[in-house]
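Both complexes shown next keep subunit A, but they swap its partner, so subunit B is in the first and subunit C is in the second.
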Partner chain A sequence: MRGLRLAINYLRIGVLNEFQYRANFYIQILQTFIALATGLIGLNLVFSQTNELGGWNKSELLAVMGVFIMMGGVIRSAIQPNMERLMEEIREGNLDFALTKPADSQLLVSVREFRFWQVVDVLTGMIVMGVALSQMNRFISLWSVLGFFSAIVMGAVMIYCFWLVITSTAFWFVRVHEIANLFEGLYAAGRWPVDIYPNWLRYGLTFLVPVAFAVTVPAQALTGRLTLQTWLGALALTILLFTVARAFWKFGLRSYSGASA
Partner chain B sequence: MHSVISISKLAKHYQVPEREAGLKAAAMGLIKRRYKLVKAVDEISFDIQPGEVVGFLGPNGAGKTTTLKMLSGLLHPTSGSTSVLGFEPAKRSHDYLRQITLVMGNRNQLSWDLPALDSFDLQRAIYSLPIDDFKRTRDEFIELLEVSDLVQKPVRNLSLGERMKMEIIGALLHKPRILFLDEPTLGLDVTMQKRIRSFIAEYNKRYDATVLLTSHYMADVEALCKRVVVIHHGKLLFDGDLSALVEKFSAFKTVGFTLDNHAADLSQYGDVVSVDGARVTLRVPKEKTSAVTSRLLNDLSVEDLTVEAAPIEDVIESVFAVSREAVE
Partner chain C sequence: MKRYFEFYRAMMKLSVLEQWQYPIANYFYMIGMIAEPVIYMVVWSAVAVQQGGMVGGYTPGAFAAYYIVWTLVRNMNIVFTPYGWEWRIRQGQLSMSLLRPIHPLHGDVAYFAGWKIVVIILWLPLAFVLSLIFKPELNPTLLEGVVFFFAIWMAYLIRTMTLSLLGMVTFWTTRVSALFELYFAAELILSGRLVPLSLMPDWVQRLAWFFPFRWAFGFPIEALVGDMSTNELLAGLGMQLAWIIFGAVSVSLIWKVAIRRFSAVGG
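Moving on, here comes the complex of A and B:
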């Protein structure tokens, strides 16, 4: 409960902070617009050649794109900024302040930053999903709604765990900044459902970098493809990844000595 | 009285990779690394009583920061024991962390783009402080440091000294019983140093807090600390009253004069500290001062002869000089 209050406080500070930079808001809208336009053009190009891609039709793929944009917004607003700050602090030895606070250190380093304007992407993603759903003309059951939201949460947690593990390697390697670029590249693959990729890439995107769970699985829920089996698999993997990430964080912390010690 | 901080044979060793300069050495380092053992803190022991303000002195790299980090739970000691308020700092229990604070003069923890007031609110959340207590303490500190017109400005618009005041307020909002202050006045001008100093003294008095302070400014130490602990190369050199330190190590006086010709060998009169043009500064053992000055006046054509007690900086320096001979 205290953790939640802490997170809300940081959220408030993050929002306050961002309101000082109004230009960022307009830049964000422009960025989102460009990303949306290129995404739609790509989708139309594909469907000018074919009516189906790996078993997904056009409006279903539009739903995937919606989830992709939304999850991208979640990652760039709440996950990536925290992890980048953490990398920076490990490198410069400033993590000391976070570690001398009477709060769970993992929680503290995970909630300190929030890029509010990235929420534009979250909203845009939702709108795209809404359009896709209306095109599909499907009855949406309570189960698919619950499935969708739980899949989104699990997907975000998995991406967070992935980032935390990678970031924690900074305790030993100090310079891991290139990781952020690498992640962006891999995440871009989530634009399409992972079933269209060759096996090796599909497994990579499922278990190494959990993009499949972050985008494809929630989209499966939206399009009525989510099986109980997949959902349970996602749950198990979320718990496993979280346990591993936490253990790894604590392990890294033990070897932390402060850059200027 | 029970001591609040108790350190016994505390040591911290590091394995530091070692290589020579140059590309070849760097490439070899990829394959096989050589390590060197560095004893940053080498079996030091001391106790601090409640309410004491202790100056923790030593040159750069003496092990002060490493010791402070071990006391605040950031580093695990290699050996030895530490006990602060009955806690083992390395365990970082929340009950312990709630009662201490760490201020580092060269680093800041306040949000750069926000007014300090917002960052203070965050501290409240982190320490779960009751709102009334928090406001009372905050306003008390703001008044003491006279910063009521600054707390609403984004921290980035403040001067270095103003920012340090905010850092200190932020670090003390939870009213810690133990303060670890690492160079809190670093880089500040004299007036600002004085303000920070008197604030620390006031906090110590009002809340009966225990303070362990490192500083390169001897004025800080003279003003705040009755007792000093001196370490060098990780070893404890001196632990006692500041006045005793001066007494013990200030065995020298500084003799300055202006010389017409440079031919003479000055080292027969004392240690040559500096030669700046015609101006010469010598360090002379206290008991020989009068003999040396009369010899100087007889032997050479000197002008503007002055004799001064060694400044406390030099006293500290001579402590390190003496110990270096003793250690090596």
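Moving on, here comes the complex of A and C:
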């Protein structure tokens, strides 16, 4: 409970901070618009040559894109900024300041930053999903809504665990900020449902970098493809990844020696 | 002239030595970059298969060749970013380079050219693995190979010039990220990075002719992968050269005006 209060407090500070820079809001809108436009151009180019890709039609792929944009917003607002700050602090030796605070260190390093304006991406993603759903013109059951939201939460947790594990490698490798680039590259694969990728890549995007669970599975829920099996698999993997990430974080922390301070 | 030669040699050596210290970091960077073309390759190969084996003149093997060569050209396209210029100007870091008796652009060109040597060496095993997986159809002639070699280095110079020009906008305003984003979006579409330009509608292809983007990206790839006539190859190199000259002249003209506006102390 104390942890939750701590997280909410940091969230509030983050939002207040961002409100000082309102011009960034307009820049964010423009960036989101550009990303959306290029995404739509890509989608239209593909569908000017074919009318189905790996068993998904155009409006279903639009739904995938909506989830992709929305999850991207979640990652860039709450997950990535924290992990990038953590990386920097491990390298510089400033992590001491977080470790000496009387709260769980993993919780603390995971909630300190929040980029509020990225919410534009989350909203845009929802709008794109709405448009896609109305194009598909199919009945949305309560189960698919529940499936969708639970899949989003599990996907976000898995992406967080992936980031935490990778960031923790900074305890040994020091210069790892290229990882942000690596992640963005791999995350871009989520723009398309993972079914279209060759097997080795699909497994990689499912279990190594959980893009499949973050984007494709929620999109499956929206388009009525989600099976109970997949959902249970996602739940099991979420729990497993979280346990592994926490253990790995603690293990890495033992190699932390501080640099200055 | 000798002075410049010495400078370039020293700077390139420095950057090779420096970058060679971080092979893991460089690999992370490259793998992140390679994800993008692999996605395009898979999507378009799937489309080609669904359309009976070919789309827009490309078979899956031709797409594989296009996008594997893409990875090298993309790496050659990495130059000092406009965001770096923004940082340099806003933070006053430029002051230091202004004290040197040589245009700061030379430092950028030399440093990144040295880095390219490391990148190309690290790229070779990646290209080998990608080729094993995706089986590209690639039969370049000797002439195409030679043109390609020059084209990628000219592409590097074109992009250095255009991105420096873009970065120098920061001399007038510090809110530049929106402009940069617009530029990169136009580049993505018009360069042949998203898809080979021949898959674009006709008017986009014609439009692309007038921008520097395709000369820094699509042209080198098509020179090696496509079936260009000798004339087309030479015309392409000519266009590249024209853009380099135009870019260099613009950079030096704008630099003269811009530098008067620079007012940072320290750095």
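Note that in this section the second predicted complex is superposed on the first by the 260 of 261 C-alpha atoms of A that agree within 3 Å, B and C clash if a C-alpha of one lies under 4 Å from a C-alpha of the other, contacts with A are read in each partner's own complex, and residues count from 1 in each chain.
Going forward, a contact is a pair of C-beta atoms (placed from the backbone, for glycine too) under 8 Å apart; a residue touches a chain by one contact, two chains touch by 3 or more.
In this text the structure is predicted, and so the values were computed from the model without any measurement.
Applying the stated contact rule after C-alpha superposition, one finds that A:G54 touches subunit C and leaves subunit B untouched.
Judged by the touch definition given at the top, the superposed model places A:R191 against subunit C, while subunit B stays out of reach.
With both structures placed on the common chain, the touch criterion links A:L45 to subunit C but leaves subunit B unconnected. In the superposed model, more residues of subunit A are touched by C than by the other of subunit B and subunit C. Legend: residue contacts after superposition of the two complexes on their common chain; A:E178 is shown touching subunit C, with no touch to subunit B. By the document's definition of touching, of the two partners only subunit C reaches A:A23; subunit B does not. Residues of subunit C that touch subunit A in their complex: 22, 24-26, 28-29, 31-36, 38-39, 42-44, 46-47, 50-51, 55-56, 133, 175, 177-178, 181-182, 185, 188-189, 194-195, 199-200. Residues 2, 5-6, 9-10, 13, 16-17, 20, 93-94, 96-97, 99-103, 108, 254, 256-258, 260-261 of subunit A touch subunit B in their complex. Considering their complex, residues 14, 40, 65-66, 69, 72-76, 92, 94-98, 100-102, 104, 107, 109, 111, 113-114, 118-119, 121-122, 125-128, 154 of subunit B touch subunit A. Of all residues in subunit A, only 23, 27, 30-31, 34, 37-38, 41-42, 45-46, 49-50, 52-54, 173, 175-179, 181-186, 188-189, 191-192, 196-198, 200-201 touch subunit C in the complex they form.
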